[in-house]
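Note that chain A is present in both complexes that follow, paired respectively with chain B and with chain C.
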Partner chain A sequence: MRLTNIQKIDRRIIYLLLVVVVAVPIIWDFLRQPLEMSRDVTGVYDAVERIPKGKIAIISAYWSAGTLAENRPQTEAIMEHLFRKDVPFAIIPWDQLGTTLVYNSADKIAKEMGKEYGKDWISFGYQPIVIVGYFEQVAQAMPLDMHGTFKTDKFDTPLSKIPMMRGIRTARDIGLLVDVTPSGTVQAWISFLGQPYKVPIAYAPTGVMVAEGYNYLDAKQIVGMLPGLIGAAKYEMLLEERGFALRAANALSTSHVLIIALIVLGNVGYFLSRRQRQRM
Partner chain B sequence: MEAIASFIARHETAVTLWAGAIATLAIYSLLYKENPVYRLAEHIFIGLATGQLVYLTWAEVLKPRWWDVMVEKGQWWWAFALPVGLMFYFIYSKRSAWISRLIFGALMGLLSGMAFQLFANTYIPMVRGSFKPVIPAPGVGIATAANNLIFAAVLITVMAYFFFSVDHKAPAMRRTAALGRWFLMFAFGAMFGATVMARMALFIGRLDFMLRDWGPIVPGWFWVAAAAIGAVALIYVFKRPKPPTREEGARVPEAVQSEAVGEGDQK
Partner chain C sequence: MIGLTQNLAFLPFIPQQGVSLAIYIFGAMAIGVIFLFMLTKVPVRYRKPIIVGVTFLMGWFYFLEFVIPGNSESASVRGRLKAAEQRLRVASHILNEAVVRNGSGQPAAVVQNSHKSVARAKEPLALALEDLKAAQSSIDGMRPEVERRFERETARLDASVVRNRLTEKMVERDEETGKVLNVHTRALKKEIGDFEAASSRVGTAISAIGEAQSVFSGAPGEGLEKAAGAVSGAAEMAVDARVALSENFLTPYKEPIANVVLVLGAFAVGLGVYSLLSIHGKGVLNRRPGWINGLAFYIAFVSMTAFGLLQKYASADAPLGTLSQSFYGILFSGVLASLQATMFSVIAFYIVSAAYRAFRIKSGEAAIMMVAAFLVMLSLVPFGVWLTSWLPREGWLAVFRLENIGSWILNVPNTAAQRGMAFGIGVGMLAMALRIWLSLERGSFFDKQA
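Moving on, here comes the complex of A and B:
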């Protein structure tokens, strides 16, 4: 193949290359790349460590199957940390598919760590974010009266009858809110919970939303951030627990190397063919 | 039907993994080309998601919070929520659309109030946070001051780019705005890079599922058959006659071209 034809590589060959480049580190898991810890990730870790006794954490989970690879390891890493610290937490599921996924994640980790539903964690039922303004209304009402806002948990049990929720009513009882989301929902939490009631907010967005998150971090509106899959991998490192995120971080690096190589090759092909055209 | 249900119950994990793997392969088949298997998988997914949405909205929202409260606890006044909700649908009637405007107006008022609070609580702290010390002082190291200086320079130049009250013909303004545009380009590049990273992560998640969750339960003969089919497909892709390129198409003799046009006219 002539170098000028580099730009005409069949896209399916590129897909095949990508599969190979990603599959190798997943199958053999031999790479151990150094991950440098960053302040945004340690900010979340420290915020969990600082939650006072008697307060709970809230996990606002607005993710689904589409962003599972990024948001699930973030959610699971934070859940594991909360369980280790014996901090009870409540999940607010906002997505119809994510409701089951996030519940299954918490249930799996709880069983592994011997934690009990109702005492160590609960899940509020599905919250229909698709209704215009519903999310903002919940974010506004929850700090004033959690029992009145949600009323029951996923299994229709009144919150007053759940041991973990006794004495937990307002923003003063929330030690940390973690927003795991592929969307811009953190803005409402900052506006209706973080700023007025000084409740620490941690943000776990997908890679697409990371750039926006740094504005909130810089203005100290959030205490920390887990930027996409890499954020989850760093959190796993802090927990000294090698899970999916750390394994996937290697595959992510090899895929980036391939993309950079293809960009370079594409540009080489472009300049060579341009020079050829100029000569003709 | 019962036999299928009992089979699924007995082999729940295997059925789940196989369903996930088949769905993943069906969706990724689009990467080769558009095909009915992909379309089928897409429609199944949309149907499932919609079905789940309808079920959860009833079972976890409307039933416990509205129906049960109204019917079982005797709070009859919740019945008024239904006609209020139905007011939205009058938008489809030309004569009675004014009814929907009443409820839309109320909703807009509510959302506007919330939007104001959202804006104030989001952006005012950001503006406050942008006042940073750019000169080293006690508590402000040289590195911090340098970072803050870069921050201030980027902020001012980018704002200059979007400042249209002053003519950008003046050299100072033009150059500042041009620098701002460069910074914006860097930011867009970083955002695009983050997006690529996110998309790669999603692909890695699927491949991890295929290789580490589904892979171990797949019998050996399946891999052999898959490899054979893959090899045949590759041979087909590389050996099939290629369609003429644009340059080659242009070199078709005139006689052949006119013949082809003639055939087309007859049809």
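Moving on, here comes the complex of A and C:
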């Protein structure tokens, strides 16, 4: 085999390699590599710690099965922290499929930690973000009147009859909003909730959205950020709880190394073939 | 369309449940379809002026609602609150100057001669207190009139309920008071709520000033940061109270108009569903290439809709309810969630393959991009941290640790570039919005219509 062919590896081999480097560290959790804590993640942790008594947290969850691998560990880590701190939280699910997925996550953790629906947490039920302008209208109306905006929870119970929501009406009653999303929804939260009412906002985007998040972090428009799966893994470290994100972080390591190795191989092959052409 | 009719003032009662609600929904849908049909019959030359006119009017509504000051009754109160807020900010600034803060912004000590600062802060505080008390008195004076109007309107509606022999199912009542609600009473109720909120905020601000003043009578310098915090909080409360009273005559119509926008958005969803059904339906009927996919779409659409509705409305104890719940679970979690996750996972394979085949260093810029990408990719994962973990955490060598390099790239060059792009996009969007609003835009839609 000529060395220049290293830029022409069969794609099926690449796919197989990727499957192996992702699956092996997740199935056999043998790697124990260090993770360095970063200020963006501790910012979220500290914001949860600082939520005053009597205020609730809001989890805006605009994710679905497509980004479940990143957004679910983020959501679950934050939920667990809120439960530990006895901070009640309300979920705003924006995706049809995600509504059930987020509810199931909260339900599972609540059962494990002996928390009760309606007293420690609630879900406002599916909010159809697909309708143009709906998200912006909710983001504007919610800080003024939560009961008027959502009216009922997931099970059609009026908010006024839910113990957790008694006395909780406006932005003044929100101690933190966590936006878990693969999209750019955080801008609207900053504009309609963070800046006008000074409600702390934490951002939990997928990996591809992270670069944009540093703007808001630098401008202190958000208090912290969980950058993708690694953010969730770091949060699990802070909670001293080895969950899916910490296992998957190793898979991320191996897959990143594979991509880098493949790009280097591709370029080596490219330079060798170019040199050969120049000699001819 | 339901949202549209809900906002019509001449339709005071919206059925809440039962057959009357079903009739109302289907009636509204029928009106909606007729409305859409009529729109399709509008001559082509009139379509553009209609779109432009509606866009222009909507834009003007929001613009005017934003710029027109609140009603004249509350104008003097807002003026008082604005003056109080400014005086409180001055006092807060003077008191904060007397508190030395550490690096993280926490109060560390009180500067010497703090009594001078206290003396300077006392005057604006006293004036602010005067303003707030006057504002509260005015707010409490205005509220009974609105309450009387609310009572009158709800009494009129009650009489109307009896006169028209309307059942409870057709009437919406306020959860707390049991009063009948329609567009007018809802707006009046909100106004009363705003007065309550404003009065309560002003009351909190007055208490906060009292708290600050009690600190001044203690030992010099003691509790100064607490006093500064209380005064700052009082200023925020004054702002909140002012915001609660800032409604003008257009504000009550914001919600109905927002509902209209939502209804129009919902039409787009319905149109999408109709389009899918139409395209795949024609494909299946005419046995076009790939018709089997169209059939799969129809089976998925019908089964998901049917089982979704049945699992919600069929009795959970009945065999049909149990069956539909099981099937819905299989379709939802077993098929839909798995398919969606699979679709996104496949992207990873394409990204790796594409990066390997296409990412070639053919220029200096490509080389810089590749180096930056490698550094950021490695800095984010545990392997990268491990690679340079032998370097010290402190001192000048620490900057060469991969996580620090990655963090610098993301925080400095990336942020600068992102902001540049954000400004560009923002200006572009503003220009585009203005072009559409002022009907200067010549897009493909209008060109086709012309």
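Note that in this section the second predicted complex is superposed on the first by the 280 of 280 C-alpha atoms of A that agree within 3 Å, B and C clash if a C-alpha of one lies under 4 Å from a C-alpha of the other, contacts with A are read in each partner's own complex, and residues count from 1 in each chain.
The working rule: a contact is a pair of C-beta atoms (placed from the backbone, for glycine too) under 8 Å apart; a residue touches a chain by one contact, two chains touch by 3 or more.
If you're wondering where the values come from, they're calculated on a predicted model, not measured in any experiment.
Colleague: When the two structures are laid over each other on chain A, do chain B and chain C clash or fit?
Modeller: They clash: once the shared chain is superposed, the two partners overlap in space.
Colleague: Report for A:T99: first if it touches chain B alone, second if chain C alone, otherwise both or neither.
Modeller: Only chain B is touched by A:T99; chain C is not.
Colleague: Touch check for A:D218: first (chain B), second (chain C), both, or neither?
Modeller: both
Colleague: Answer with first, second, both or neither: which of chain B and chain C does A:K154 touch in the superposed model?
Modeller: Touch partner of A:K154: chain B, not chain C.
Colleague: With both complexes overlaid on chain A, does A:L252 touch chain B (first), chain C (second), both or neither?
Modeller: Touch partners of A:L252: chain B and chain C.
Colleague: Can A:T67 be said to touch chain B (first), chain C (second), both, or neither?
Modeller: Both partners, chain B and chain C.
Colleague: Scan A:F192 for contacts with chain B and chain C and give back first, second, both or neither.
Modeller: first
Colleague: Quick check on the superposed pair: does A:L272 touch chain B, chain C, both, or neither? Answer first, second, both or neither.
Modeller: neither
Colleague: Once the structures are superposed on A, label A:L238 by its partner contacts, choosing first (chain B), second (chain C), both or neither.
Modeller: Neither partner.
Colleague: Just to be sure I read the superposition right, which of the two partners does A:V24 touch: chain B = first, chain C = second, or both, or neither?
Modeller: Neither chain B nor chain C is touched by A:V24.
Colleague: Hey, what residues of chain A end up touching chain B and chain C alike?
Modeller: On chain A, the residues that contact chain B in one structure and chain C in the other are 11, 15, 18, 22, 66-69, 97, 128, 130, 132-133, 137, 207, 210-211, 215, 218, 227-228, 230, 252, 255-256, 259.
Colleague: Could you please specify the touching residues of chain B with respect to chain A in the complex?
Modeller: 31-32, 49, 52-53, 56-57, 60-61, 64-65, 107, 110-111, 114, 117-118, 120-122, 125-126, 128-130, 187, 190-191, 194-198, 200-208, 211-212, 237
Colleague: Can you check the complex and tell me which residues of chain A touch chain B?
Modeller: On the chain A side, the touching residues are 10-12, 15, 18-19, 22-23, 26-27, 66-70, 96-97, 99, 125-128, 130, 132-133, 136-137, 140, 151-152, 154, 156, 187-188, 190-192, 194-196, 206-208, 210-211, 215-216, 218-221, 227-230, 244, 247-248, 251-252, 255-256, 259.
Colleague: Given the complex with chain A, which residues does chain C contribute to the contact?
Modeller: Contacts found on chain C: 175-176, 236, 240, 258, 261-262, 264-266, 268-269, 332-333, 336-341, 343-344, 348-349, 351-353, 355-357, 359-361, 370, 374, 377-378, 380-386, 389, 401, 403, 407, 410-411, 414-415, 418-419, 422.
Colleague: What residues of chain A sit close enough to touch chain C in their complex?
Modeller: Where chain A meets chain C, its residues are 7, 9, 11, 14-15, 18, 22, 31, 33-36, 38, 64-69, 97, 100-101, 128, 130-134, 137, 158, 160, 172, 198, 207, 210-212, 214-215, 218, 227-228, 230, 249-250, 252-260, 262-263, 265-267, 270.
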